[in-house]
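Chain lettering (A, B, C and D) follows the sequence in which the chains are written, and residue indices restart at 1 in each chain.
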Amino acid sequence: MEAFSDGVLAIIITIMVLEFKVPEGHDWHALVGLGPKILSYIFSFVYIGIYWNNHHHLLHMVRTMNGRLMWLNLLLLFWLSLVPFTTAWMGESQFAATPTALYGIILMVAAFSYWLLQRAILKQHSGDSSFVVTMGKDWKGKLSPLFYLTAVLTAYVSPWLSGVFFVLVAVIWFVPDQRIERALGSR
Amino acid sequence: MEAFSDGVLAIIITIMVLEFKVPEGHDWHALVGLGPKILSYIFSFVYIGIYWNNHHHLLHMVRTMNGRLMWLNLLLLFWLSLVPFTTAWMGESQFAATPTALYGIILMVAAFSYWLLQRAILKQHSGDSSFVVTMGKDWKGKLSPLFYLTAVLTAYVSPWLSGVFFVLVAVIWFVPDQRIERALGSR
Amino acid sequence: MEAFSDGVLAIIITIMVLEFKVPEGHDWHALVGLGPKILSYIFSFVYIGIYWNNHHHLLHMVRTMNGRLMWLNLLLLFWLSLVPFTTAWMGESQFAATPTALYGIILMVAAFSYWLLQRAILKQHSGDSSFVVTMGKDWKGKLSPLFYLTAVLTAYVSPWLSGVFFVLVAVIWFVPDQRIERALGSR
Amino acid sequence: MEAFSDGVLAIIITIMVLEFKVPEGHDWHALVGLGPKILSYIFSFVYIGIYWNNHHHLLHMVRTMNGRLMWLNLLLLFWLSLVPFTTAWMGESQFAATPTALYGIILMVAAFSYWLLQRAILKQHSGDSSFVVTMGKDWKGKLSPLFYLTAVLTAYVSPWLSGVFFVLVAVIWFVPDQRIERALGSR
C-alpha cells in the first residue's frame, strides 16, 4: 500500500508542473503572469510534501492491513488527486474568491479523510495506552481543518487572509510528526 | 512485476485528473460543466482502486513467475491503460450512449483479462484443493463481466441504467477479496 | 537502479495514452480516426513491455553496479523515452513513410543501447563460461536491429511492409529471455 | 524517502517528453523545429540522471532520517520539479538569453539545495574523519554552481557560451561520485 500511495503522491506533486505553460515572450516580463501559479504550486507542493511525510509515518503504525484501511487510504488519495486541479484553478484565477475557497475545501476534506485513516489505525493500538495518549492529543490534526475552514470563509473577504491561514497550516505541520517519532523512540 | 504494475496503476489513476481543464469562469457556476467528468472520474478511480487492491492480493499468490503470467499481466494493464481515454470521452459526452458503452466494453475486457490471469495463477495451486475451492467459486469474477455487459447494452436505453450496473460492480468488489485473505489465514 | 528504470518505463508506457485526444463526436464513427493511433500504441506497448521484462531479467545479472553501467542504462532509457513521441507521430501521420522510419530508427538505436548494456554486464561474468555461452549466442539481440533496419528502409516502399517487420521483432521477443532463465536454473 | 524521490525524478525525466508536440508535416523537414527542444531535453535528461545517481548514493549515507533532512530533500525536489518548465521554455525560445539564464538559475539553486542536503548528512558523520575528509573536498559540488552562474551570465552574450558551461558541468559529474564509493570501499 505504501509503494502505491508513494507513487500516487509523487505523480500528483509532479504533474502540477504541467500547468506552467511555456510563456509567449522570451524575456523576464513574460514570466509575470506565472506569479500566482507558482505561488499556488508552492502551497500545494508543501502540502503534498507534508502529507507524504506524515502518511509515511502513519502507515508504519499499521498492524494488520485490511479492506477498511485500504479504502480509507484510497479516499484520502482521491481528495489529494484533485489538488492539481484546484491548484491550477486558484493560480489561473489569481486567487479569486471561489477557486481559493474550493482549494481550501478540498484540503479540508482531505484532512478529514486523513483523520479517519489515523483513527482507524489508532484503534489497532487500543491496548497500547502510551501510544494512544501521545497520538490522542493530536492538536495539529484538529487545528488544520479549522484553519482550512477559516481560509475557505475568508476567501470571500480577501484572498490574502486565506493565504495567511494556508501558511499557518503549513507552519504547524512543517516539523514532521514528532509524537510518533517519540512514541516509537520510547519503546 | 508488482512494482511495475503498481507504478502503471498509480499513473493511470492520477493522469485521469489531467482531463479536468481549468474552467473559464471563476465562480461556482463555472464548475457545472465538470459534473459528468467528475462522476466519470469517481467511477474509474474506484475501479482502478479495486483492481490495484485485488491485483496486489493476486500477485502474492504467484508461485513461479514465467513469461505466460507476465504477458497476461501486461494484457490486463493494456486494457486498464485505455481507461483514462474512455473515462474522458464518457465524461465529456455527458454519458452519451456510445462513449458509455465503450467505457463498459473496455472494463469488461479488462475483467476478462483479470480472469485469465487469475486462472493461470490458480493452475499453480492445482494441488492445494482448499485454495482452489475457495477461489473457484469466484462469483464476483463471474458476475462483473455480466454486469458490465448489461451496462454496455443498457447504455443505448438510458445512461442512468448503465450507471446503476457500474455502481453494482463497484459495490460487490468494494470489500477486498476475503476469499484469498481467508485461504491465507487458514494455513 | 531497478526501481528508477521500472518507474521510467511505467511512465513511458502510460503517458502514450495521453495522445488519444477525446474525439469530437459521440458515436462509433468518431473513433475511426483513432485507428492508426491505437495500432501505433499497441506496437509501442508491446515493445516497452518486452524491454521492461528483459531489462528486469538483465539487471538481476549485475554483479557490481558502477558508473559505466548506470550511464549505459540511462542511454537506453533516453532512447526509450522518445518512443511516446515517435509513436504519436507515426499514428497521427497514419503510418506515413518518414514517421514510420523514425519510429524504427529510435527502436533500432534503443536495441543497440540494450546490446551495449548487456555486453557490459556480460563482462562481469567473463569467468562463468556456461553463462557467457548461453548468452553469447543471443540471436534475438542480433536479429532485432536487423529487422528494425529493414522496417526503416521498407517504410519508403510500404508502411505495411514495415509493419510486418515490427511484428516480427515483437514475435521473436514475445517469450521472455529463456536463455537467462535456463542459465540461472542450471546453477 | 528514496522511493518517493526516485519516483519524482523518474516522472520529471519522463514528462519533459510531453513537450515534443507532434509536428504538422510528415517528412524529415517537419522535425527541424524540434532541434533546440531536443538539445534542451538532452541537457536536462543528463542533469536529472546525474542528480538521480548522486542523490541515490547520498541517501545511502543517511544515518538517521529526520524532519530537517526530509525538508531539505523536498527543497531539492522542488527546484528540480521546475526543470521541465525551464527546459521547455529554453528549447521553445531556441536558447534565447532570458530562458537560458533562467534554466541556469534553477539548476544553480538546485545545486545549492543539494549542497545543503549533503552538508546536513555530512554532519551525521562528523566523528568519521576519513569520510568527512574525502567528502569535504567536494570540488565538483563547489565548481558546479560557479559554472552555472557563468552560464547564466554568458546567456546574455551568447547562448553558445552558456551551452559550453552547461556541458562542462555535465562532464565533471559524468563519473558518479567515486569519493563516496571509495569511502565506502575503504571501510
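Following the convention adopted for this analysis, a residue touches a chain if its C-beta (ideal position, glycine included) is under 8 Å from a C-beta of that chain, and two chains touch if they have at least 3 such contacts.
All values derive from a computational prediction rather than experimental measurement.
> Answer with same or different: of all residue numbers used at the interface between chain C and chain D, are over half used by both copies?
Because under half of the interface numbers appear in both copies, chain D and chain C meet with different residues.
> Taking each chain's centre as its mean C-alpha position, how far apart are chain A and chain C in Å?
Spacing between the chain centres: roughly 38 Å.
> Hey, how far is the Cα centre of chain A from the one of chain D, in Å?
27
> What positions in chain D touch 2 or more of the other chains?
3, 7, 11, 15, 18, in rising order.
> Answer with line, ring, star, complete or other to describe the graph linking chains that touch.
Contact pattern: a closed ring, each chain touching exactly two others.
> Who touches whom among the chains?
Contact pairs between chains: A-B, A-D, B-C, C-D.
> Report the residues of chain A in contact with chain D in the complex, numbered from low to high.
3, 6-7, 9-11, 13-15, 17-18, 20, 22-23, 26-28, 30-31, 42, 45-46, 49, 52-53, 56, 174-176, 178
> Touching residues of chain A toward chain B in the complex: what are they?
3-4, 7-8, 11-12, 15, 18-19, 66-67, 70-71, 74, 77-78, 81-82, 84-85, 88-89, 92-93, 96-99, 102
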